[in-house]
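The same subunit A turns up in both complexes below, where it pairs with subunit B and then with subunit C.
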Partner chain A sequence: MNVEIDLTAREDVPRWLSYGTPVFTILMALAVSAVALVALDVNPIAAYSTMFLETASDELGLRQTLVKSVPLVLTGLAVYVPLRAGLWNIGAEGQLYAGAIAGTWVGLNVGAPSYVLIPLALAAAGVAGGVWAGVPGWLRARWNVNEIITTLLLTFVAIELANYMVRGPMQGGQGNFPVSALLPTAALLPDLFGTGVHAGFVVGLLAVAATYVIVTRTRVGFEVTFVGSNPAAATQAGMSTVKVYLLVFLLGGAMAGFAGVNEIAGVQGRLRPEFSPGYGFTAIPIALLGRNGAFQVLLAALFFALLFVGGSSMEVVYGVPAALIDVIQALIILFLITAEFIKSYRVDVTIEREPNDRPAGTVGEV
Partner chain B sequence: MAGFVAGLLDATVRASTVLVFASLGEIISERGGVLNLGVEGMMLVGALGGFVVTVVSGSYWLGFFVAGLLGVAMALIHAFLTISLSSDQVISGIMLTLLGTGLTTFFGQEWVSESISGFPRTTLPLVGEYLVGIPVVGEALFRSTAPDFIALALIPVVWFFLFRTNLGLEIISVGEDPETADTMGVDVFRMRYLCVLIGGFFAGIAGAHLSLAFSQLWVPGMTAGRGWIAVALVIFAQWRPERALIGAYLFGLLDALKLRSQAISVQVGAETPFAGTINPALDFVMHPTIMATYPYLATILVLFVTVVRFDSEQLGVPSALLEAYSRETD
Partner chain C sequence: MTDGPFLRMEDVLKEFPGVVANDEVDLAVGRGEIHGLLGENGAGKSTLMKILYGLYAPDGGEIRLDGRRLDLDSPQDAIERGIGMVHQHFMLIPRLTVAENVVLGEREPSALFRAESEDSWLPESFRENRVVSGLARRFSLGLDVPEQRIADLAEEYGFDIDVGASIWQLNVGQQQRVEILKALYRDVDLLILDEPTAVLTPNEAERLFDTLERLAERGLSIVFITHKLKEVKAITDRVTVLREGENVGTVDTSSVSRADLARMMVGREVLFQIDKDPAEIGDPVLRAENLRAEDERGIEALSGVDLTVRSGEIVGIAGVSGNGQSELAEALVGLRELTDGRVAIADADLTGASPRRFIDEGVSFVPEDRLEYGCAEDLSVMYNATMKDFRDDRFGGGYFLDYDELETYAETLVEEFDVRGVRDTTEMLAGDLSGGNLQKLILARELYRDPRLLVANQPTRGVDVGAIEFLRETILDQREAGTGVVLISEDLDEIFDLSDRILVIYEGEIAYETTPTEADRKRVGLEMTGGEGTDGEPTADSADQAVADGRGDS
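Showing the complex of A and B:
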C-alpha cells in the first residue's frame, strides 16, 4: 500500500476556513483535553458545561471573568506589542511581579490621597515592568542576545525577588508570615459603579485602545510593524531596529507592570509570594490567538478569563486540577498552527493498493 | 575547609547532570536545524512519567527509560509541526513547554506525597574503589548515581557521533545547508526527525534524573527553568558537547551554593570599617531567595558575554536553525 500526500499552495483561503479556524481549534483543544478528564473519571460534557455555561450565565461568574481578564489582557498586550516587531516576550509573568512589587511599595510608603496615590502606584509599576522587559529588549536590540531566554529567565528572578521582599524589607503580615502589610484604603482600586469589578478594568480597556491607536494610527506603530515583517528592509528604509526593539519591550513591560499592580490593588490587597496563577504565561496563547490586533487580544483575554474562572469552579465541583486549562491553552495554539498549515496548503491524500516503483534517485540511500 | 570544598564539589556534580543531558539533546536537535524550546516541558513530563513508573513498577531503570520515551513522544509533536508542517519552531516549542507544565500539574497532584527509592549512589565496578579515594574530587566524581556516570560518558559519545560518524556529519550538513544536503542525497526530513527525537529522549531522561536520582521525589514545576538554562547553555557551548560540560558545571555550582546557603553565614566583625553597611549587604546577597536568582542571572550574563565576544559566524550557530525546509520553494 502506498500513501501519497499532495500539497498544493492555496491561492486564496476559503472564507469559512479563515472564520472557522479559531472556533475549530478551540473545539479540537477541548475535545483532546476531554481525554484528560476521562482519565480522572470525570464526565467531560458535564465538566465543560460547568466550566463555560454555568460560569457565563451566572452573575458572579461574569464578574469574576471580568476581574480575571484585567491581568490577562494587560499581559497579553505585553506579549502582543513585541510580537508586532517580531520579538518574543515570554517573561510577562516576571514583569507583572516587578510591577506588583513597585506598585505595592508605593502604595505602602507614600502617604497621599487616592487620586494621587493610585496613578503614582501605576506609574511606578509601569516603570518597574518596563525596566524588567527593557533589559532583555536592550540586550536584543544592541547585542542580539536571544530575548526569549532572557525574558523567561528574568521571570524567575522577579518571582524570587518578590519572595525576598515579603520575607525581608516589605514583610508586614502578622507574625513572620511572608506577606506584605495590607495596602491603605487610598491605594486600593475603587469598584466600578458597584459592579464588583475594580477600576483596573478601565486601565485594561485604555491599554487596548492605546495599543490599537499606536499600532495602527501612528508612525511609530508603522515602524514597529514594518520592522516586524522585514527588519532588513526596514533598516534599508532608514528605520532604527534598535529603537523599535527597545520601544516595544518598554511598552510591553509597562503593560505587564500595570497588570501586577492592578492585581494587588484591585484583588489581593497585599503582596503575596507567587500570587499570580501564571497570567504572564497564559498571555502567550492570548497574544497568539489575538495576533491580528489589540481588540482580538481583548477578546482572547476574555475567553481565557472565562476558562480560568470556569476552571476553578470545575476544580471545586469535580476535584479536577485547574491545570487542565494550561493543557487546553497549549492545545489551542498547537491546533492553531496546524490549522495555519491547512489554511495555506491543500492536502490531498491518495491511497493506492499497489506499491509504485520508486523513481530512481529520489531516495538517498546512505 | 577541604570538607566544605569536597561537599560543594559533590553537590555541583549532582546538580549539573540534568543540564548535561538536556543540553546534549538540545545540541543534537539544533545541529539538525530545529530549535526545541519545549525542553522544559519534556523534562517535566519525563520527571513525572519516570517517577510514576518507578513507584508502580519499583524499577528505576524502567522509569528512566520510559521517561526518555515520553520525551520522544512530546518531541514527535514538535517534529511533526515544525518539520512536516513547517510551523514556527518558537511557537511550537513554547507551547510544548506550556503543555508539559499543564499535563504534569494536572496528573501530578496525587503523586506529590509518594516516596521512592531511586538510583542509589554507587562506584564504578573494578576501579571504583580506588578512584573514590582520590582526595577532594574522588567522592564527587566517582561515587555517583548511574545517570551521573551516563551523562559524563555521553559527552564524548555525542562528540564522536556528531563529528566523527557519517550520520553525525549528515546531521550537521542538514543544519547548515539543507538544500545542498538534499542534493547530495541526504534525507533532510528523516534526519531532522531523528535529531528532534533524540533531543526529546535526552530531555526526558534529564527530567527522570531530576526526580529519580537528584531529588528522589516529584513536585510540580520541579525543573524550575533548568530546561531554559539548557537552551542558553547550548549557545554558551557554541553547539559543542564538550563545552556544554563546562557550562553545566558552572550552573551546577550555583545550584549547589543555593542549596548550601542556609548553612553558611558570612559576617565581618563589628570593628571592621563600614561593618554597618557590609553586613546587611552580605545578608542580602546570601539570602536564600537572592541566592536562588544567581543561576538565572548568571545564565543571562554568560549568554551576553558569549554573544558579544563572537559574531554569529564564529559563534557557530547552525546556519539553517529555525528555517523550515521544503522542497518546493526555491
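Showing the complex of A and C:
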C-alpha cells in the first residue's frame, strides 16, 4: 500500500474556511481530548454535556462563567489589539498584575465615595497596565526590540513585584500572611442587579464595544489595520509605525490592567500573590480564535470561561483531572496553527494498493 | 528545427475555479529553437509552462516530448525527462556556494566513500557495503567531481562564475546563470525561462541573449516567456501569442513587426509613439540640492545630486539599476534620511521632514516595488485606494472615519482609472489584482489627489503592454494639469518618449543632462555605464538597437 500526500498552494481561501476556522478548531480539539476521556473510562459525550450544557443551563454555573469571562475578555483584547497591528503581546498576564497592584493601592489609600473611588482605581490600573505594555511597545517602535520577549519577561517582573508588595509595603490584615488588607466597601465592585455577577462585566462589554469602534470606525483604526498588514507601505503613506505600535500596546495594556483591578475589586477583595490562574496566557488562544473582530474575542472568552467552569464540575462529577482543560487549550493552539497551514495549502491524500495500480480514489481532501 | 517538433502540446486545458487559464492551447517547439511565449499578464503563459514543468496537472490535452507522451507528476519527473525551468524568482540558497546549489538534490557521496574512487583509504568491501553506501549517499557530500563538471560547463557556455563563491556574493545576472547551470548540469533538452529579463539590467540581458543563442546552437530548445516585444524580436525564432488563455497564433518572428505582435497580444491597435504636447512649464515644484544619502548597508548611494523640477515638466532619470535611483526616489519623498543636502517642495523647505509632511505638501510617490511598498496585499482595494487620503476631511471630521465614503472614493478611482477585475472594493484584495491593474490602482491613488510633484520609480516595470500605454498617457495627462514629474526608469524608450529633460544617473551622481530632441541615444547609453569604461560598448550597442527597434517597427 502506498500513501501519497499531495500539497497544492491555494490560490484563494474559501470563505467558509476562513470564518469556520475557530469553530472547526474547537471541535477538533474536543474530539482529540475525547481520546483522553475514553482512556480514563469516561464517556466523552456525557462528560462534555456536563461540561458545557449543564454548566450553561445552571444558574450558578452561568454566573461563574460570566465572572470568569471578565478577565478573559479584557486580557483577550489586550492581545487582540496589538495583533491587529501585527505585534504579539505575550505579557497580558504581567499587565494584569500591574493593574491589580495599582488598583489595589488606590482602593486602599484613597478615601472617597464609591462613584469616585472605583473609576479612580480603574484609571490607575489602566495606566499601570498601559505603562507595563507601553515599555515593550516603545522599545519595539523605536529600537525594533522583539516585543514577544520583552512582554513575556516583564510578566515575571510584575508577578514578583506583586509578591513583594503583599509581603512588604502593602502587607495588611492579621498576622504575616502575604496578602494586602481587605479593600474598603467603597472600592468593591457592586453586584449587577443582584445577579452575583460583578460590575466588571460591564467594563468588559464596554471595552469590547470601544475596541470594535476604534478598530473599524476611526482613522487610528485604519492606520492600525494598515500597519498590521504592511508596515513599509504604511510608512510610505505617511503613517507613523512608532505611533501605532505605541498606541496598540498602551491600549492593550490598559485593558489588561482593567482585568487585574476587576478581579481584585470584584472577586478577591484583596491583593493576593499569584491570584491569576494564567488569564493573561489563556488570552493568547482567545485572541487567536477571535482574531476576526472584537465581538469574536468576546465569544472566545465566554467559551474559555465555560471551559474552565465546566472543567471544574467535570472534575467533581467524573474525577477527571482539571488538567484536561490545559490539554484542550493546548490543542486549540495546535489546531489553529494547523488551520493556518490548511488555509494556505490544499492537502490531497491518495492511497494506492499496488504501486502500479490506478489510484484507489482520493480518500481525503481538505 | 529540422526533425519536426521536439515538444508538442496539444489542446492543453487548465481550469481554476471561475477561470479557464488555458483553453485548449497548442504549442510546438522544434529542436534548437528559441520559442517566445508572449502575452499580457494573466494570459496563461505561466500556467502553461507550469503544466509543462509538472507543477500543475492539466485538465485535458496531451503533451509529447520527442514523440513520447509526457505524464508529469512533479518537477522531478520533468527534470528526468529533460525539461528544466528558470523561475522569475530564483530558487537558490544564498549561504551555499554555486556548486552546492547546482548539485542540490543530485549530489554525489564524498570521494572517501565512492566505490570507484582511487584515493580512498577505506577498504573497497566496506565502501561497497549497501548500508555504508546508503548512509554515505545521504550524509556525505563530494564536491570535487561536480565542481569540475560545473566549471567545465560554465566555461563551455562562457559564464564567468567562480563555482566556489557563495550565492549572496553574486549579482542578479550571475545568479540567473547559476539557475541555468543547474538545468544544464541535469542535461536538459528543453529549457523554460520565465520572464528572465525582468530582473536584469540591459547589459545583463544582452549577455543572457548571447548565452541563449549559444545554447540553441547546441540543440537545446528554449521557451522564453515574456511580455516585452523588443525581446521577442531580438532573440526568438518563432513566437506563440496567448490572450485570455487562448492561443492567438504562432508566427515566425522575422515575418512580423512589433505592432503586429502587440495587436495579437492585446487584441487591438497599440500606440508606441505617444503624442506629446509641448509642456507649459511653470515654477519649480521641487528643488533638491546636493543630496547625499546612504543605502541599507551604510554605503553612500547618493553623492551630491542637484535636481530641480518645475510644474508641468517631466524629468526622466535614466540609469542602470543600483546607481542610486531608489535612494533618490526615497529621498525626494521623505522616506530616506539625508546625510547632507536640502529638499524643498514649492516654497516649503522639507529637509528632514516626515513622509507625512511631504504628502501634505502635495508629493505623490509610485514606488519601485508595488507589493513591498506600494500596497498592502492582504487588505482590500478600498484600504489601498485610500491609504493616503483617508486623513482628508471629506471622509469625516475628527477621529471618526466614514467608511461608506471611502468605499465610494475607491469605486471612483477604480472606474476612472480603468482598474479591471474589481467587483467589490471592500472584498477584493489588492494582492489578487494583476500587476498592471494593481499599478493602475496605485497610480490612481497618487494622481487623483492632484499632486504638485509625482515621483515615479519604474512605473511600468513588469506591466503588460495595454497597461503600459494607459499608465504613460495618464502620467502625460497629469503633466498637462501642472504636476511636475520625476520619472525614474531603466527603459530608455520610456524615458525618451515621456521626458522633457533627461538626466543620467551613474554611481549616485547626475552624469549627464540632455533633452529628448537633442539627445544622442548612444551617448546616453554610454553615460549610463560610466562613460568610456570597457563596459560601455555593449550598452551603446543595445541603445543603438533600441533606436533601430523603436523607430523601425512602429
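The rule we apply is simple: the second predicted complex is superposed on the first by the 313 of 366 C-alpha atoms of A that agree within 3 Å, B and C clash if a C-alpha of one lies under 4 Å from a C-alpha of the other, contacts with A are read in each partner's own complex, and residues count from 1 in each chain.
Throughout what follows, contacts are C-beta pairs under 8 Å (C-beta built on N, C-alpha and C of every residue); 3 or more make two chains touch, one makes a residue touch a chain.
Everything numeric in this text was worked out from a predicted model, so none of it was measured.
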Of subunit B and subunit C, the partner touching more residues of subunit A is B
Exercise. For A:285, decide between first (touching subunit B), second (touching subunit C), both and neither.
Key: first
In the superposed arrangement, which partner chain does A:222 touch: subunit B (first), subunit C (second), both, or neither? second
| A:236 contacts which: subunit B (first), subunit C (second), both, neither? | second
Is A:43 touching the first partner subunit B, the second partner subunit C, both, or neither of them? neither
One more residue to check, A:195. First (subunit B), second (subunit C), both or neither? neither
_Contact-wise, after the overlay, does A:323 reach subunit B, subunit C, both or neither (first, second, both, neither)?_
first
Interface residues of subunit A shared by subunit B and subunit C, listed none
As the complex stands, subunit A meets subunit C at residues 11-12, 216-222, 225-226, 229-230, 232-240
Contacts from subunit A onto subunit B in the complex sit at residues 7, 9, 36, 39, 88, 90, 139, 143-146, 148-150, 152-154, 156-157, 160-161, 163-164, 167-168, 281, 284-285, 288, 320-321, 323-331, 333-334, 337-338, 340-341, 363-366
Subunit A partner, complex, touching residues on subunit C are 16-17, 333, 335, 354-356, 358-360, 365, 367, 372-379, 383, 387-388, 390-391, 399-401, 403, 432
Residue set of subunit B touching subunit A in the complex reads 37, 77, 81, 85-88, 90-92, 94-96, 98-99, 101-103, 105-107, 109, 166-167, 170, 184-187, 220, 224-225, 228-229, 231-232, 235, 284, 287, 289-290, 292-293, 296-297, 299-300, 303-304, 307-308, 312, 328
